[in-house]
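Working notes for the structure below.
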């Protein structure tokens, strides 16, 4: 009862425009496989380019949030939005970044009960408010975040990552995007020395 | 009791990176003013670039949806997300595109009661489902849309525009982005000959 | 794709009972047109009479709330209840009362981000709670309102206006009541001297 | 831990304006006690007059709905809105009208499981939609009601009663209106002959 | 339009396994009738046994909560879950336990407005949070309960009773379990001396 | 930032009553560790006994549902209720039962997009309705399930498992029950031959 990568056409890597073929090939080389999101959005090359640029602008920039914290936001937000691809794929990335094989599964089921610091809980509370009730964000939210040690730039990162993955989550659910097999086990088994 | 353009720093046009200064100057020349979204996101130039590219990829492409229909999606989705800037600014654009001074206000208050075709109502029902319950999108939604005359590429446009403006709506609410005065009256008063 | 004034029969002014014909004629004389609500409820003369009496008892009485503040409550509540007629018609009245052409559109999209005082925000928070969660109103709500300067009589006005327009909003949505063309532009264009 | 009749001032019958004193005295004579709603709204005589007129216009008119059916709508709607006074007081009236000592309690806890006809279930489904999601009422709702045997005038009654008691429910919750002791047992014990 | 005891088969007492027949006969002897829950769950004897054992473990144990308080939790939780059988049957038990003929109806319609102590209101707020939003229970909830005088064992009782009757409420709604006639009037009429 | 097994006291196995010590020891012997639920509920031996008996009555009985399907219900319901322990522990059991290392993670994030049959999707739709909206279950739900091949006994199993784990989920969230480390990796790595 397995389903395809997407309701939408999925091009071969060789049929991608040159720049995207290069991007995807580089990912393939580095990771060993091509995450389906690259292929599932490629029927719209312009949108894929903007998506990847936006993603990297948020996830690769210098930030007061660690890369692991940013992945925590992705996993918690995507769980709230019931996005299978993002929960599983970014759960894998979070395991890699933290070398913690449990945190992603904890965040995916109930972030309030995960093994995180109070500061990180405040961070995720805000991310979830952006995802589910952004219209009601007010000065008190900013005060709470500042008291937890975040500056305004960090707060932007939290909210913008939640908002960007809200977009991603909706595209995944709309297209029934399938998760790559590789993500499920990634980062779960300790490397032997 | 008026509030500033954004909680976040708003740069002068002259302080923008060259490419963004050119983009913004071109908008200013064409429109007569700079919509606040350009300035309110400019404290993050990389994100602004990706935002604008993504926006244009969806809103300027050849599509089975007219430009007016795409703005209808923006207004209805943004109303659902309680995004003041997008409802008012894109309401103005919708008035311009349709030369209909009423439609935007109708969509903003209750899209189900607006002067639109049954096909357009089906379109907006899907946009709102993407905005509010994307996890439950299923084959029946696609069937209903196809029966209303949309092909899969049109459906992608509907959903992706709703998803993209869901991102935009969240950034606006997070930053308390202020709407330019110019949008309120735009397209409301019939031009004299 | 325009729709009629109501699903229900809409009588001619001349066919109204004498007292209602007088009331409506007076409105016509003063305003220059007959707001559709008078005609759309007139198939039930007794209910219309009670509706108008109740409306005036709340909206015309001496109150600690200005008439403009009462219209703010109507617009915010009606937006919450997705009532097209009330948002647009009372938005027009609010523009007239405040000579502010922007406030109604701000309240209609997200009252929390409108150009209002902290006192008025407290007022609207309560109005929205009455509209959406009246069962949970408690002593803390009254304390917050008193701290913002409202006395118990003012609080009654806030809640009762929200409750009364909740009734009105439901009748409008049930009958698909159409908004008069005249309301859309009213109070938007500054008078020339 | 009993609480007073209302947060708001409750006048003596003798202090009421003449017309209201007459109305209330007539109720007292007929019923043997004064339902608290008369006293709890009397601090606003104009509003009370409009309230009572509106109530009677809906509940006393000739209608395709029996008086018992109208009370069913009141009980189900008031339960949905968590209005203690209306559930208990109109539950009593429903028992009187139907000589059925169980129906009110059934409707108050889950109207879908009450001993009612399929036609009455359709009626209550619509009343609850008016109470909770009036913005989404559409042609399908009217079709379903017509198929169950209701004409458009009956449908107005269903919706208007739900909407009017939505107003009443909110006033009760806002004022913490207390239910009279008399209502609890009324209609529960079969009369001996 | 009365409906049967359950969608599911309802055995005769004589056809029950010996242990259950004894249990049910004892109830019949003591109470004068067999509450339908015993018969409606009896098509699954193992589940019924576990259900009864669990019920008694919570409701009969020595506890910091009085038996009446435990029934308050049952009534408020079951009202929230719209469980007709539990609201009416346990409402009757609550009337017996408190000799207060009003409290159950008050709790069933809006527990926040019932004649209970502040401590009991805190208790019911927690029970309702367990029923509707258990994922968000946090240290603040425990602090509030402790400040109201509950120790951790009491808190467990509150939450576990709410959770157990959440199970019961779902079985009732799934099987459309009918309430016995006897419960409606029980405890309402003061005993004569 | 790891947290303890429970907010509540967690006894040593040796301190358990004899029957529970035997039960727990048997589990330990078979599984190699003691799932925390046994210890976290053991401060209430009577409740734990009832809990285990009820669990086994549902999960071990002969049923038209396979044991794997029953675990699917547990995982989907527990995800809906945001129960970390149950999602992760029963996800592990589901992997064991199905030898499918992916299905549990799919169900936990969005059961509608999992690799399951249409029949199983119907099963889970009902389980989720029992968990979130049991008051609205009606004849149509039963019809849909029967059309998918379930008989009334199977439907009871689906609903009762969802209801029982709703109880379990609430106890876990109330006590902040910690998931055993062992569950995370269980059934993920294919056995070598």
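Letters A, B, C, D, E and F mark the chains in the order given here, with residues in each chain numbered from 1 onward.
One rule holds for everything that comes next: a residue touches a chain if its C-beta (ideal position, glycine included) is under 8 Å from a C-beta of that chain, and two chains touch if they have at least 3 such contacts.
Please read all numbers here as calculations on a predicted model, not as lab measurements.
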item	value
Labels of chains that are neighbours to chain B and to chain F	A, D
Count of contact steps on the shortest path from chain B to chain E	2
Greatest separation from chain C - chain, by CA centre	F
Same vs different contact residues, chain C with chain D, by half of numbers used	same
Of A-E and E-F, whichever chain pair has more C-beta contact pairs	E-F
Chain D and chain E: spacing of chain centres that average the CA atoms, whole Å	28
Distance between chain centroids, defined by C-alpha means - chain A, chain C (Å)	44
Geometric centre distance via CA averages, chain B-chain A, whole Å	24
Sequence positions of chain C contacting 2 or more other chains	82-83, 110, 135, 173
Touch-based graph of the chains, sorted into line, ring, star, complete or other	other
Chain-chain contacts as defined at top	A-B, A-C, A-E, A-F, B-C, B-D, B-F, C-D, C-E, D-E, D-F, E-F
Touch list for chain C against partner chain D, complex	7-8, 44, 46-47, 49-51, 53-54, 57-58, 61, 81-83, 130-131, 134-135, 137, 142, 152, 156, 159-160, 162-164, 166-167, 169-171, 173-175
Complex contacts: residues of chain E adjacent to chain C	110, 112
Partner chain F, residues of chain A touching it in the complex	1-3, 78-79, 82-84, 87-88, 91, 101-102, 105-106, 108-110, 113-117, 120, 173, 176, 179, 181, 184-185, 188-189
Chain B to chain F touching residues, read off their complex	135-136, 138
